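The same chain A turns up in both complexes below, where it pairs with chain B and then with chain C.
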Partner chain A sequence: MSILEARDLTLRYGKTTAVDRLSVRLDGGKIYGLLGRNGSGKTSLLSVLAGFRKASGGEALLDGDPVFENRNATRRICLIRETGDSVDDDWPYNRVRDALAFAGEVRPYWDPTYAAGLTDRFELSMGKRLGQLSRGQRAALACVLGLASRAPVTLFDECYLGLDAPSRYTFYDELLKDFMEHPRTIVISTHLIEEVSRLFEEVVVIHAGRLVVQEDAEELRSRGTSVIGPAEAVDRVTSGLVVTGEKRLGPTKSAMVLGEFDGARRTAAEEAGLELGPVALQDLFVHLTEGVGGPT
Partner chain B sequence: MTSFSEDTPIYRQIAQRIKADVLRGTLGPDERVMSTNELAEFYRINPATAAKAFQQLVEEDVIYKRRGIGMFVRPDAPSRLRREHRDRFFADVVRPMVVKANTIGIPLSEVIDRIQQMATEDDES
Partner chain C sequence: MSTITHPRSSIITRHRVEREVVWMPVTIGVFALVVAAITAAVSVFGTVTTSAWEVASQLPRFYAAGIGGYLMGVHLPLYIAHGFSRREFMGQSPGYMLIVVTSLSLLMTLGYALESVLYGWLGWEQALSNTHLFTEPTQYPLVLIEFLLLHAAWFTGGMVVIGAFYRDGRLGVASILVGLAAVLAVESTLGSSASAPFTVTVPGMSELPVAQAVTVGVAVSAVLLAMSWLLARDMPLRSKKS
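After this line comes the complex of A and B, so read on.
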């Protein structure tokens, strides 16, 4: 399985730092969620990892080899951007079937039969002009191009966002089915967490171009605890813990705590009559990416 | 799409559902449980999550693995689960009810009367 890695990676556009000394290692054979708010650097990071852009500093590596201008690495990576990156409309061969044929020529692991089946599933007609595709149809084509590429490393950059609900479910079903039949590394970037999070085995959260957390999705789900009760008791029980969010309503306070809420603390909280509860992944994400140190 | 509560690991919720099926008898002793891949497709979840649910159920002695064939319900699982649920029933269900009755000022005698009344109604119907 291919290992994709960013080492101390930096990407600057003029004075803007989009990716800031970020290190992350994606072991093969998993579905990853790359989570970050708009402008957090998701697209920039994926572009460098796929070899579309040259890093300003640090390295992007596939199995230890630099990705940039390395055909042996880039042929194994498929980055699908929201636009689908397909052939131009003013080209004479500008229909859906031409886009698939083109992918068949440039993608070494392309499966044309699977691509045709997917095109049917998404109700895309082969003869439709690319310039006349609706936003949803363009997104569907992007999903087809990514799935049928069967690339050992496939990166979907928010490409499914334009799909309507039934088509999104089709995408999730096909993605899971094909991943189980042909295990490979898949990265899905998104800022909409609730619906897709169950597809992920591991989650990478970035903010302001930096890594915030990389963790097993299920572990992350059980990582936060909310503590509600009289303010003074809440403060006492949560002292020494990482408190990511606080709200007050009169004498009552609610605090969101990260990390293990161990047995002794739990007992103390219960004895003080505090209410303990879990934190939803979406809320955890909001708190992890709120006011965390931006680039300086 | 089948919904999960956002605040508990999905694998625990799935393990819980399978245990509920065993308790109800929907899944009988020595009956084959869905495979990891079937479970992943059915619930639209990552197969690693499905595998974790099975791991938990194996550790809790609810299911056992037959190499190359699949996962099956342990014959003693229903009776053990029933015992566990009985043990927890008073702590999980009765205790909170008593606390709530006290908070809103319903005398326990009235609660007991009502329960007996309901039991008679159920017997008659």
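After this line comes the complex of A and C, so read on.
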């Protein structure tokens, strides 16, 4: 399994630093969630990791070898951006079938049968020109190109945002199914955290171009506890703890608390009839990236 | 079941030839028919005394520049996005350029030959209006050499200009001047600047002997190729919006 790594990676656009001395190691055979707010540097990071851009400093490595201008590395990496970076302008060879044929010729791990099946599932017309596809259809084609590439390292940069909800779920199902059959390293950069979080084995959160946290998804979720029940009881049990979010509907209140409940507090909560559970990854993400200026 | 294939390094040239060069005879053929139709229309109102193909040959230079520009602005990003390196792509660009330029130049030379047959049949004189490496349009080796040098300069000029625009708009604007200067230098050495879209000649470079003109033409194209490599070697891929 391929190991993708950023070592002290920096990417600047003029005076703007998009990625700031970021180090992260993505071991093979996992689905990673790459989370960050708008402008946090997710796309920039993925662009450097895939060799689309040269780093201003530091290194992007695949199995210890530099990625940039290294065909042995880049042929094993597939970065899928929203438009799919396909044959749009290669007229007259710019139909859906041409996009698949082109990928088939240049992607070493391409599965044409799987690509054809996915094209049917997303109801894409083979004869349609890429310029005539709707945003959703473009996104679907991008997903097909990414999944059927079967690249040992596949990076999805919010490519599925244009899909409608049923198509997004089709994508998630296909991704998980194909990952189980053909384990590889998959990174999903997304804003739709709750929708995709069930797929994540590990989560990487970046903010202002810096790594905030890299952690197993379950462990990250266990960093917080959600408490639901009568408002008065919730307030009493959570008193003295760091409450990062609250919602109230009539007499019922839910609070998100950082850290695990200790034995006594858990007993008190149960006696008060409160419901305890894991926190939503999205809530943790919001908390983790609030006012964060650098690495933790 | 995955089919693991390893694309050969020549695949970029093969792709481009299959997708573009094969269409060139059709494109130039249609172009020749349009030129013939215009010439026929002119002959209705007067006598044709000069080569129409000589005048028409100005346009395919832009075609050569367009293919060179497309190579940098469209195909380079496409292949990088699909796992090729810039070095690999640009390493194949001289070979591809030679195929494009040779094909186009052969077709344009063939145009003179066909025109010669047609004019002879109609009793028209196939005279040249401007100076060239050749003095008669039937001096086919010299006609071919002139087209090769011209098209190579325009092809590589297109690469530099579009490559520069892809990187940065201001760099692109500046590169137009470089491209024009390079093309004008080649046009001047061939003595064909009067037939070019730009009628400026470079002092001291007009109508050089064939060997010197070839040297200048090859050197200019080589310099432009080197400049396109400088533009491409760390070119970042832009994000397209859907």
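The rule is simple: the second predicted complex is superposed on the first by the 236 of 296 C-alpha atoms of A that agree within 3 Å, B and C clash if a C-alpha of one lies under 4 Å from a C-alpha of the other, contacts with A are read in each partner's own complex, and residues count from 1 in each chain.
The definition used in the following text is that a contact is a pair of C-beta atoms (placed from the backbone, for glycine too) under 8 Å apart; a residue touches a chain by one contact, two chains touch by 3 or more.
Model, not experiment: these values are computed from the prediction.
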Judging by the criteria at the top, classify the pair chain B and chain C on chain A as clash or fit.
fit
Which partner chains sit in contact with A:M180 here, chain B, chain C, both or neither? Use first/second/both/neither.
first
Check the residue A:F102 against both partner chains and state whether it touches chain B (first), chain C (second), both, or neither.
second
Which holds for A:C78: it touches chain B only (first), chain C only (second), both, or neither?
second
Looking at the overlay, what does A:E246 touch: chain B (first), chain C (second), both, or neither?
neither
Does chain B (first) or chain C (second) touch A:D63, or do both, or does neither?
neither
Have a look at where A:F200 lands relative to chain B and chain C in the superposition and call it first, second, both or neither.
first
Once chain A of both complexes is superposed, is A:V279 in touch with chain B (first), chain C (second), both, or neither?
first
Contact breadth on chain A, by residue count: chain C or chain B
C
Please provide the least distance in Å between a C-alpha atom of chain B and a C-alpha atom of chain C in the combined superposition.
18
Hey, what residues of chain A end up touching chain B and chain C alike?
none
Within the complex, chain C is touched by chain A residues 43, 47, 51-54, 69-71, 74-79, 81-83, 85-90, 93, 102-103, 105-113, 135, 138-139, 150, 162, 182
Listed in rising order, chain C residues that touch chain A in their complex are 1-7, 11, 15, 19, 70, 74-75, 77-88, 233-234, 236-237, 239-242
Chain B residues touching chain A - in the complex, by the definition given at the top:
1, 4, 6-11, 37, 40-41, 43-49, 52
Quick one: which bits of chain A touch chain B in the complex? Just the residue numbers, please.
30-31, 169, 172-173, 176-177, 179-180, 194-195, 198-201, 217-219, 221-222, 277-282
